[in-house]
Each structure stands twice: as structure tokens, then as C-alpha cells.
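What follows is a set of notes on a single structure, which appears directly below.
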Amino acid sequence: SRTGLPEVIYASGKTVEQVKQIALRMVEKGIDLLATRATPAMFEAIQEVVPDAHYNELAQTITYKHHETEVPATYIAVVAAGTSDLPVAEEAVETAQFLGNRVEKIYDVGVAGIHRLFHRLDVIRRARVIIVVAGMEGALASVVGGLVDKPVIGVPTSIGYGANFEGLSALLSMLNSCASGVSVVNIDNGFGAACQASLINKLT
Amino acid sequence: SRTGLPEVIYASGKTVEQVKQIALRMVEKGIDLLATRATPAMFEAIQEVVPDAHYNELAQTITYKHHETEVPATYIAVVAAGTSDLPVAEEAVETAQFLGNRVEKIYDVGVAGIHRLFHRLDVIRRARVIIVVAGMEGALASVVGGLVDKPVIGVPTSIGYGANFEGLSALLSMLNSCASGVSVVNIDNGFGAACQASLINKLT
Amino acid sequence: SRTGLPEVIYASGKTVEQVKQIALRMVEKGIDLLATRATPAMFEAIQEVVPDAHYNELAQTITYKHHETEVPATYIAVVAAGTSDLPVAEEAVETAQFLGNRVEKIYDVGVAGIHRLFHRLDVIRRARVIIVVAGMEGALASVVGGLVDKPVIGVPTSIGYGANFEGLSALLSMLNSCASGVSVVNIDNGFGAACQASLINKLT
Amino acid sequence: SRTGLPEVIYASGKTVEQVKQIALRMVEKGIDLLATRATPAMFEAIQEVVPDAHYNELAQTITYKHHETEVPATYIAVVAAGTSDLPVAEEAVETAQFLGNRVEKIYDVGVAGIHRLFHRLDVIRRARVIIVVAGMEGALASVVGGLVDKPVIGVPTSIGYGANFEGLSALLSMLNSCASGVSVVNIDNGFGAACQASLINKLT
Amino acid sequence: SRTGLPEVIYASGKTVEQVKQIALRMVEKGIDLLATRATPAMFEAIQEVVPDAHYNELAQTITYKHHETEVPATYIAVVAAGTSDLPVAEEAVETAQFLGNRVEKIYDVGVAGIHRLFHRLDVIRRARVIIVVAGMEGALASVVGGLVDKPVIGVPTSIGYGANFEGLSALLSMLNSCASGVSVVNIDNGFGAACQASLINKLT
Amino acid sequence: SRTGLPEVIYASGKTVEQVKQIALRMVEKGIDLLATRATPAMFEAIQEVVPDAHYNELAQTITYKHHETEVPATYIAVVAAGTSDLPVAEEAVETAQFLGNRVEKIYDVGVAGIHRLFHRLDVIRRARVIIVVAGMEGALASVVGGLVDKPVIGVPTSIGYGANFEGLSALLSMLNSCASGVSVVNIDNGFGAACQASLINKLT
Amino acid sequence: SRTGLPEVIYASGKTVEQVKQIALRMVEKGIDLLATRATPAMFEAIQEVVPDAHYNELAQTITYKHHETEVPATYIAVVAAGTSDLPVAEEAVETAQFLGNRVEKIYDVGVAGIHRLFHRLDVIRRARVIIVVAGMEGALASVVGGLVDKPVIGVPTSIGYGANFEGLSALLSMLNSCASGVSVVNIDNGFGAACQASLINKLT
Amino acid sequence: SRTGLPEVIYASGKTVEQVKQIALRMVEKGIDLLATRATPAMFEAIQEVVPDAHYNELAQTITYKHHETEVPATYIAVVAAGTSDLPVAEEAVETAQFLGNRVEKIYDVGVAGIHRLFHRLDVIRRARVIIVVAGMEGALASVVGGLVDKPVIGVPTSIGYGANFEGLSALLSMLNSCASGVSVVNIDNGFGAACQASLINKLT
């Protein structure tokens, strides 16, 4: 397509029936299906009409592909700090895979226990592009950015409380990263990070 | 290097003498020179010891390379909205070129006169990666993001007054881009955008 | 009236019974009825006493007019970016029509797919005044403002998440519009935009 | 032109020489001249090449018109709260006149002495469109909006200190106006208000 | 007492049982009872043990006095802008009366219809101290402050939406009042305003 | 006068010449003179035409009274936390005295050394109304409010750095005072606090 | 351990089943159990598998220790301003005790009734380190900091409404404390304060 | 003293003469001298009267001690991220030494090059208490906090630009640290961090 990215259903704020109808129409036209921020009820409704649709409960994504597409040899690394950041990380993973990419997950490597990150550094460094998902102080994006020579896309999450201000602390942290190869997408926007990572991973 | 990016002098907040000494030391060690946010006085001081250094007054950058490096065939497009955004755009251009990239400049294509953008769309679309520099409402990043299938890095600038809040309006705009392949760096951070764009442009 | 605008029920924060009583009293006095932010339950209650009242579920408006009024030949264009912005757009449409104006709707023309906007440009340009409803980065107001020679009233919506800060990003964007003929009303205030547009459309 | 508004020089952040050259080029092409946020030094430089240019020191505007244009019979009212708001009010006045409008000034009618406003209400009410310029708590826009049946464009100013936060208090006030026909432009943006007022005043 | 103000139950965040027990203990000790932010369920629970307690549903206050106290001849004026501001206004009224003051209510005099305020100006001016309760743009505090020679205490309310930011607009407005005799309490703090007004009204 | 408060010159943002002319005109009309935020240069200019004018350099106030007025027996206490808060405290003192009040100063009693406050508690408690001036965390207003049975007007100052955000910390502190008889004026607004204190002190 | 602090379950955002499983696994491995922000339902689930676990309903903490550990002779003082701050204070107490510390509680000593604080000053002064928990204006941290020669850790709470902005007022207050030995943790972070206090209390 | 901390001159906002006089008076009374935020001109003025005073230009501190005091065997580690953070780090160092502590400096160990931090980990871990000074994204406090079992005091600095908002990003980062033993002082407050660190280092 014009933007290299397919149509996607952003289910938040839509009714179960609306999501079902949009999904049905897309599948009937032969369009592959990705719905983000989708509830279990939405998945059940879609399953009635698209029995082979897949639901990732953590990611809150529904996917269905008419045919498997070939994926490039290179991969996207999705690095996440803590357990609470996994929904956003998984939204990125599902989106990236839906867009036809190989993904390596490197989870639970937050900076409070930095040795865990070092154990996984090899697989991170071999990626073509790296998505770093972190809430609270979002320091992981800077630390990773300083350790690799690949583009890093930071996804601040809204995980935290108090002076976290629903993700503001992680967002500002990542925007002010002292590592130079880091760019940032909106708070909790695993989808958007995966879109850009996919465009990068597919560059020839 | 470990991060794929060389050491760079961030001259803001340093004295003329400090910048001169750092520059001298780097050049003597055979390291290429890039100083950002550098004043004319800093350039004059450096010229005494590095006569072939180059100053871009608009970008406020000083550069010196020991040898010309080969550049990839692909290029980075630097798209800027208005005249006032040019210092940031030029910082991105100088940094990208210093890092060994070809750059195409597409300036003065702000959304208030959107036909000018369309006249230049071809050269933008053929880039491997696109940097969009815009202040005020920062709408240009979304518009470009919706027209191309390449990664777009938005650089909000602090251009504006009042409810611009020194770049906050453009920053929030770009973070909330309705186009999906857009990521963002800090306000006025042409340098950081070019670092990431260079990492992308050099991916093999 | 003194302000050229009739009394209107802002139903948010009122009980079903309160809204019903105010509506009844108004209709009995021969006053036309417009209630905004009204729930289906409020509509059912009003229908008991004003059987011919009309409910726009998307707009959350209840209307009833004793007599049809004549409308000027000129019209107000209501331009909306995405599906999620439609409730606010429809509040503007219902209000404008209630105030005795012809309205043309131009929906789903967000800047991420700007060609859709260009297809509808003629009908936008022929309007006497234009309301632009957009959330997320709110770029549509600037783009439209740069393409027309009519007053543009921007309505930022609270659509988005994260660094959208409940409409702040669209609000700041529109206030910093690089197009000069654009003014702005409160976030989600389709009603207020229609009030001003109506005053403009009726100027003789 | 396409937008009904001519090219204008926003002198802030430009050098005296740059402003002079742009002005000269415009006048030579037969384009009328309006520069906002212009310093006395800029005016002196322009006078050398455009001896008949006019400077409004309070407004910080430079104007020059090749021929007087006809003005409509209707007028724009520019209402200002206090003495400190006059630079912004005068920017609006100069811009509106430059765009070919008659203007009536109603100054020093802040809400702390509301009787002064009532003495001038007639001339305000007879305007086709009203610009209200006010800093501090910006209450004047709401008060005027409740007294007239014409479109009101509020211009919050950065006048004040402390919890004024450089115009934020007046901006939020005006956006939350309890009077319904009020829209708002950026803090201190007398120019933008006049642009929209002119588009409205010239509607036929 | 040391502060001239009695102990009061702030019921928000307490359980029905907690509020009941505190109330019972106070009444048993002969202490008069005022509970603010109290739910109907809390009132029912208290009524079981203090049958003569009084509930003001709008104000969400429960009161009980062992003996009627004498009240000064002077009174406190409580001025409120709109219907939605009445809960806060009534909290102020109930508190002021509980503290032994005469109160005059002047309601529904918002600045969008300023003639209603002028009709009631006499009773406002004869007060010893004036509480002004207003949400949205909070302009009423400035307007009243400019019309009287008595201390004015502004209470911004959280009424509004969007750029109201839960009362911030009214708060900043009142803090920046261009009328000089105005001070301000916290958003929605009718109680606190009445405490200070009572201390003033009882000065001998 | 209508508001019980005379005309006052707010010198900030005015030129020396403007202030001098306004002052001269007032004195010639027999009006007493108070200018706040006045520079030494303004005082020198005024002295040429009003030789008996008085300048308080710390307060930045210029005063001149044609006749001494009688002052009530009761007094206003002005309580200040630290040395840096004295300019604001003195603005309050000068204003209160100019308005015809007796003032007692209780300075250097910040909460970091709370025993100093207790040594002065008697003179504070005997005041009719108390102004508390404090920057940084502004805790003094709460502490004093809890110790007295008189109205307390808090004046947050912009003293501090970093997370002080130019007075925001003290402002929010005072608005959230856990002591009930405390109201607040704008950051650094010693003048406004004194205006309200004077209205209170003169109540009969 | 490496950080001197054991693994802890932050139950917020986890399901009852998840918390139960993590708890079970830890206890089986012989690890002591601390869960914060735990609901009664979580406690019931854990009790099924760890019958001797303890629940502090106010603190929302679940604890279980395999063996009692020896505690140092020195103690941590936990000072709290009001009843509403007790959940956070108790989270600090439970955490500190779990980490093997003696704790003294000094509750209900808010600055609005400062004599209560002075009655308890001895026990506060004899502590080795002091945690001060306060919402609203958070003044207690400064007052305590000025009275003792021990490190003070401030915990701002989100208690309050309006301009409290969910704890921002207390947070800024404590960060701007005019007493010099005060540091601060996140809003409502009783756990974090106790962690640092424990590290200090155990220094040899 | 009562607070365990001596009197200190905060020179910011004071004149050279004022600082000189306060210093002289202190030295004459036999009090040791520490002035923070002191300019070279202040130092020169003080040197005239206290010839043995010492100036640290980077820290902007002036110190003079009548006698050397004994220092404990344990030390405070002052860890700083980048060159631009050194003024704040040095303020902490000078203050800590003035208060009678041994200090170890660990500079230039920002997270963008995290191996430098690991090289110095031993000296950090052996400290009794650790001060971490960092601007931009302030990630260093979390990283250090996760590597040591000693109390960590974070000092966010105002180093950065754009979305750094003068230290806000580092402040929020540190407050949201995912490492548990970290507390925070005000932006740029090296002095306050050293005060608390000294109280901790001297605990017996």
C-alpha cells in the first residue's frame, strides 16, 4: 500500500458488534485481520464468523491471515523491562509478526537487575532493529541504546503510580535519552513501534 | 564503535577554550570532528588549530574529517516546514553527512501551503528514511507519514510562542501522529534524529 | 435573543428527571428544545411528554422544534478526521441545524490519508464557514485552514491515549496552527463551535 | 489568494537585514507589506528602501500599501481589557486595517470596572465581529460574549505574573467561556484573530 | 477553640460505619456535628443514633446542633454562577450556618447573563464578606470583586470539561483576578471558604 | 470608592516616563500615590515632580500621601518565612500602610526553625488578620493557620529553584492547607493580600 | 542479596491467581513473603496455601516469615499527618518490620495541630531514621526535618482533592523543603521509603 | 546543633556586599563558612576579609574552616553521569567535606556507556551512602540503586533541553526508580543531598 502498512482495527471505543462487522467485511474482501485493544468478548464475536482467528489475551490482539507470508531472515528484538510492561510488548510482537517479521522476545530485563540484560545482549545486538518497552523511569531505552549499533525505538508504558503521571516519566526519560540512536513513540503504543520497526526491518 | 556512532562535542554550556581543547585532542588522535550548538567564537578558536574545519552558521555545527568516507547510494530526506525550523534541519543534515550519508533537503513545505509538499513528494518517497522537522503544530510529520512507506523520524522544534510552550505542541502532535510509521526525538534534536536515520540508512 | 443563541440543556451531570422537567417546561412555553450530552434514558423520559422529540444517538442530542424555520442558502461545512471524532462532529451538526443552518458533512478525511480530503475540497471551499473536528494530533485544522479562504473553527477532540492527555495535543496543535484563519473552541465542544459558526453563517 | 490572506513577515527571530531584504523584495513585486513583531531598528532599515512605510511602535508592526483599498461598511470591534494588553490589541487593529477593514477600538474596559464596558456596549454590538483582548483572568471574553449576538474571537495575552503562567490562565478561561459564541486564538496572537475577523467581516 | 473552628468530619474516603462512630462519639461528648462530602447512606446510619440530624443532599452535608447559637446581625453572601456549582455553594452555606452565621444566597448569576447579577447587587453589597462560587472560566469572582468594597473569597469549582482540567481554569482565573480584594481557596472547597468567611464575619 | 480600594500604579512593564506622568497626574488631582514593582530609576523620575515621595527599595514601592489618615487600633500581622521572601512581605506592608492600616512585621520565622515562630506567636494572635508570606514549600501558612483564630491570607513566593517551578510548590501547598481558615492570592502578590487584609481590618 | 533488599510482590494489576502462585512458589523455596497493594481476596487465596500468612487491611500488605529474624536495637520512626495517610504509613511500617526493623509509630500529628507533634518529639528524635508520611500540603516533612538531626525520608500521599492534583502538592512541598536533611520518594510509596530507611537503620 | 547541620549561606539572589557581610560576621563568631551558588566576585570580596577562604569554581562554593575536624573512616560516594552534571556533583562534594566527611568521586559514568560504571563499581559499593547526580533521563540512579545494598540519594540536574523541561525528566525518572533503595532531592540540589548523606554517614 501507499504507506507500506495495512488497515488495522483499533478496537478501543468501538462496540463488539462494530468490531465484528468491520472484521467480517475485511476478511470477506480477502484482507488480513489485525485488531488491537480488543476484548475477549470481541474475539468471541469474531470467532463466530472467522473461526480461525487468533486471540492473544495479554496483547489484546485478534489476528487472522489468509495465507502465511514469507518473512525476512533478519529479526526485530522486543525488549521489555517488567511483567507489567508485557501487554504493550506483546502488542508490538503481534503487530510485527502480523506485518511479516520474525521477532525475538527479551523480557524481564529491567535496569534494577541489569545482569539479566547482559545475559541476553547477544540476541539483542544481532537484531536489525530493537523495540524497548519500559514503564516507571524508562531507563532501559537509554541503557540498551548505549550498548548496540542498531536503531532503538522506545515505547514508554503507563505502568507506575504517583509521579509517574500515567507514563509521563518514562516518556520524558526516553525523549531525553543520553544514547543517541533512540527515537520514541506514544505511551503504550506497541502497535506504532512495531509499524516503524517493520518498515525498517524490510528495507532492502 | 560499540554504538555505531562516534564521539561528538555538544558545545552548549562549554566555554570556547574547553571546546577548542577537546577538538584539538580529538583531531590529534585522528578522530573526526563534529561539534553541535557551537558559536562563531568557538569556530574561530578551533580554526586556529584545525584550519580546515568547516562551520555551518545556521546549523551551529563545526565539522572536520580527516578523509572523505564512502557514502551509501541510498539517501536520507530532511523535510522542514518553515524558515524558522532550518537551524534544526541543518543540524540534522550536517550530522547525517558527517556520519557518512547522502542527504536530500526538502525545505519550506509546511502544511499551510500543502501543494509545495506535493511538488517534492517524489524525492521524499525515494529516500530510505525521512526526517521531518516542524514547529508550531508539527502537523507535517503526520502528513508525510501518511504519504510514504518509509520510516519517518519527527523532530519537533521550539518554534512558536504562547500555547506552543517551547515545543510542547509540536512534540505532542508528533507523538500522537495518526500515521503509523512515525517515531519522535526530543524537541530541537536534529542531531539525534540524524543519528538514528544514519543507523537505518546503513543497515545492509 | 440578546446573544443570538437560544437556551439549551447541557444534560451532563443532571438526572433523567431534571432533564425531563426542564424539557417539558421549555416545550410548554413554546421554546424549541436542544439537549446535549443526553443519554438514551433521558430521551425515553422526554419522549413520554414530547413524543415528536428526536434523538441522535451518536451526537447524544435531543431536539424538538415547534415549527420548521427557514434556513439561509449558505451552509456550514463540518469536517471530521476519524470515526472516533464523529460524536463531536455530530453534536456540531445537530446544534447547527437546530440553530437554523444548512450543514454539509465531510467525514473520514484525516491527514493520514490526505487524498480523501482533496476529493471533498470543493464542497468545503463553497461553505460560508468551516468547522474542523479532529483528535490525536489535530493536524486537520491547519491543513484545511491552508486550503480555504473562509473562517475555520477548530474543535479538538479527546480521542487518543497516552501523550494525548485527553485532548491536550489536539488543542495545542490547533492553537498553534500555522494557517492564519483558524480559531479554536474547547476540547469536544462541538456545541460551541456550531454556535459561533451559526452566528457567522447568519451575518447579513 | 487561495486562503484570502496575503503573505506577511513574522519578524521575530529574523535579523534586521533579513527583514529588510524580504520587505524590499515584496514591495518591488508590488505586494503590500505587513511585518509583525518588528523592532524600531527593523523599521529604520525598511524606511531606507520604503520611505513611506508606517511603524506602529505599540503594535510593533510595519505596514505599507501601494494603493488604498476600499473597505466594507461594516466594522470589526477590538475590545481590550487593560493598558498592558494594548500591544496585542494594536497588532490586531493594524492587521485588520491592513487587510482592508474598518476597525473600532474599545480600550480599557476590563471587568474590574465593568461600568466602563457598559458605556461602550452600543459600538461593540453594532460591529460585525468582535475581537476581545485580555490577560490575567481573561474574563472579558465571557462577559462580552454574553452581551452580544455577534461572533467573538478571544485573544488571551501573556500579561500577568505568577499563576498566570505566561498567558495560560487567560487562555484556559477563554476556552471555558460560559458564553457560547466565543472562539479563541493563541496567546498574544492579535494577528491571527484579525485574520479570522477579516475573513468574517468580508463574507458577503 | 484555638483556631476558632470546631472539629468537622470530612467523610470522603471513610466508610459508613467509621463516619457513624465518629459522629456518635462527638454527639455523646456534646460536640455539634458537621460532616461534609457525606453520602445518603452515611446520613441514614447517623440518623439511627442521632435522629434529629439534618441532611442537605445537594451539599452532601450532615449537621446536628445541640442548641441553637446566636448569630451576628451581619451576613455572608454566597454567590454562585450556575446550577452545576450549587453543590459547592451549598457546602459553603451549610458550613457557614453551622458556624453560626446568617447567609444570603445569590444563585444563577453567571457572567454569560450579567444582568441577573446586577439585579442582586444590593444584597451582595450589604454583606460583610462574600463567597463567590464559579466553575468553567471563573470570571464571576473578578466581576463581583470589581463591584463591591468587601472581602471576596473565590471558590473555583471543577465544573466543566476539556481544557477546564478539573477546575484548573477557574482556579487560575481567580488567582489572576484583576480585582484586588479577592483571595482563593482550593477547587470545590466550599467548606474552607465558609471557615474563613465565618472568622471574618465574627470579627468584632 | 466603589471597591474600597484606590487606584494604584503597577509599574512593571511601563517606562520610567509613563510611570512619572501617571504619578504626576494623580498627585495633581489630589490622589494619593502608590506604585508597586517600581525601579529606583522610576523613583528618581518621580522625585523630580513629587519631592516628598518615599521609596522602599526592598518592596520596590513608591508612596506619597497628601495627608496622614487615621488608622484603626487593630493591626495586620505580616509574617514572612525567610530573607528572600522579604520583598513580597514588604510590598504587603507598604500597601497595607498606604491603605491606612497599622502593621506588625514578624520576619524570619520559617518552619525549618519553628521555635522562632513560637516566640512571636502572641503578636501574631492579637492581629485582626494575618498575611503569611512564604516560598519553597510554603508550609508556614498551614502552621500559622493551625495556631490562630483569625483569617489567614497566604502569599506564596517564587523563591526557590528546580521543582519549585517559580512558586508553584508554595502555591499548591497553601491551596491545600490542612488548616481551615486559610485563603490564598497569586504568587508574589503581596499587594493583593494587603488589599484584602485592609478590607477585613476596616470592617466595623 | 545484591541490593540488600529481598524480592517483593507488587500485587497491583495482578490477578488473585497470579499473586497466589507467585506467593506459593516463594514460600516453597523458603523465601519470606511480602506482597503490597494486596486485596482481601488475594489474602484469602494465599491463606489456602500459606495458612500463617498475615494481612494488614489498612496497609494492604500480606506477610509471612519462615523464622523470626533478630532486629537491631535502633528503630525507624514512622510519622503520619492524618487518618487518611495511614494506609501509606502502614505500608511503610509493615515493610520496615518485614525487613527486620523495630518501628515506632507517631500518628495524627499533622501541622494544623502542631502541639500534638511536640508531645511526641522525644520518640521521633531518638529514632535512627525518620519516615514522614503526609498528604495535602505535606508541610510535616519540613517541620520534622527542622526539629531533628537524623535523616528524614518524606512520603507525599495522594490524599486531597482539587489543586492537590493527586499528590503533586505534597510532592513539590517535600522536594522544596527548607529543612536540609530531607529526601523524598514517590507519591504513596511507603514501601520505597521503608526500603531506604531499612538500609540506613542497618548500617553498622 | 538541633538539626545536626550548620548554618550555610545560600548566595543566590544576594548581593556581593550582603554575602561578604554575612561571611565576615560568621567567621568573627568562630562559625565555619560554607556559601553555595557563590560567584567569583563574591569570593574576591570574601577573600579581602577571610584570606584563607577557598573557592571551588565548578561547585560555586566558598568554604573556610577554623580548624580541621576529624572525619569518620567511612565515606560518601558521589557518582555523576556527565561533564555537565559536575557543578551539582561538586556542590555535593564540597558540602559533604565541609560537614566533615570523606568523599570518593566517581565521575563520567553515564548509562550511555555503562561499562565505565562497572569499572568503578567496587569503590561505589564500599561507600556507606551514595549520591547519584544525573540530568537528561536520570537513569543512572536506578542503575546504581539496582547494583548496591546502600542507601542511594538521587540528585536530578537541569542539564538537557526541550522535553527535559529544566530537570523535570530526570526528577520524575528518579522518583519512579524501579530500584527500591533510592530517594530523591530537588533538581540541582547537591547541597541537600550532601546534608542527608552526611547525617547518614555519621550515624553510629
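Odds and ends about this structure:
Which chain is which? They are A, B, C, D, E, F, G and H, in the order written, and residues in each are numbered from 1.
One rule holds for everything that comes next: a residue touches a chain if its C-beta (ideal position, glycine included) is under 8 Å from a C-beta of that chain, and two chains touch if they have at least 3 such contacts.
All figures in this text were calculated on a predicted structure; none of them were measured in a lab.
Note on connectivity: the fewest steps through touching chains from chain A to chain F is 2. By residue number, over half of the contacts seen at E-F repeat in one listed pair from C-D, C-E or B-D, namely C-D.
Comparing chain pairs B-D and A-H, the larger number of C-beta contacts belongs to A-H.
Of all chains, the one whose mean C-alpha position sits at the greatest distance from that of chain D is G.
If each chain is reduced to the centroid of its CA atoms, chain G and chain H end up 27 Å from each other. Averaged Cα coordinates give chain F a centre that lies 35 Å from the centre of chain H.
Across the assembly, chain B contributes residues 3, 112, 145-147, 162-164, 168, 171, 175-177, 179-180, 186 that each touch 2 or more other chains. By the definition of touch given earlier, these chain pairs are in contact: A-B, A-C, A-G, A-H, B-C, B-D, B-H, C-D, C-E, D-E, D-F, E-F, E-G, F-G, F-H, G-H.
For chain H in complex with chain G, the residues that touch the partner chain are 1-5, 8, 128-129, 145-153, 171, 175-177, 179-186, 191-193, 195-196, 199-200, 203. Taken together, the chain B residues at the contact with chain H in this complex read 3, 12-13, 156, 158, 166-168, 171, 186-189. Chain A contributes residues 81-82, 110-114, 136-139, 142-143, 145-147, 160, 162-165, 168-170, 172-180 to its touches with chain H in the complex. Taken together, the chain F residues at the contact with chain H in this complex read 84, 112, 159, 161-164.
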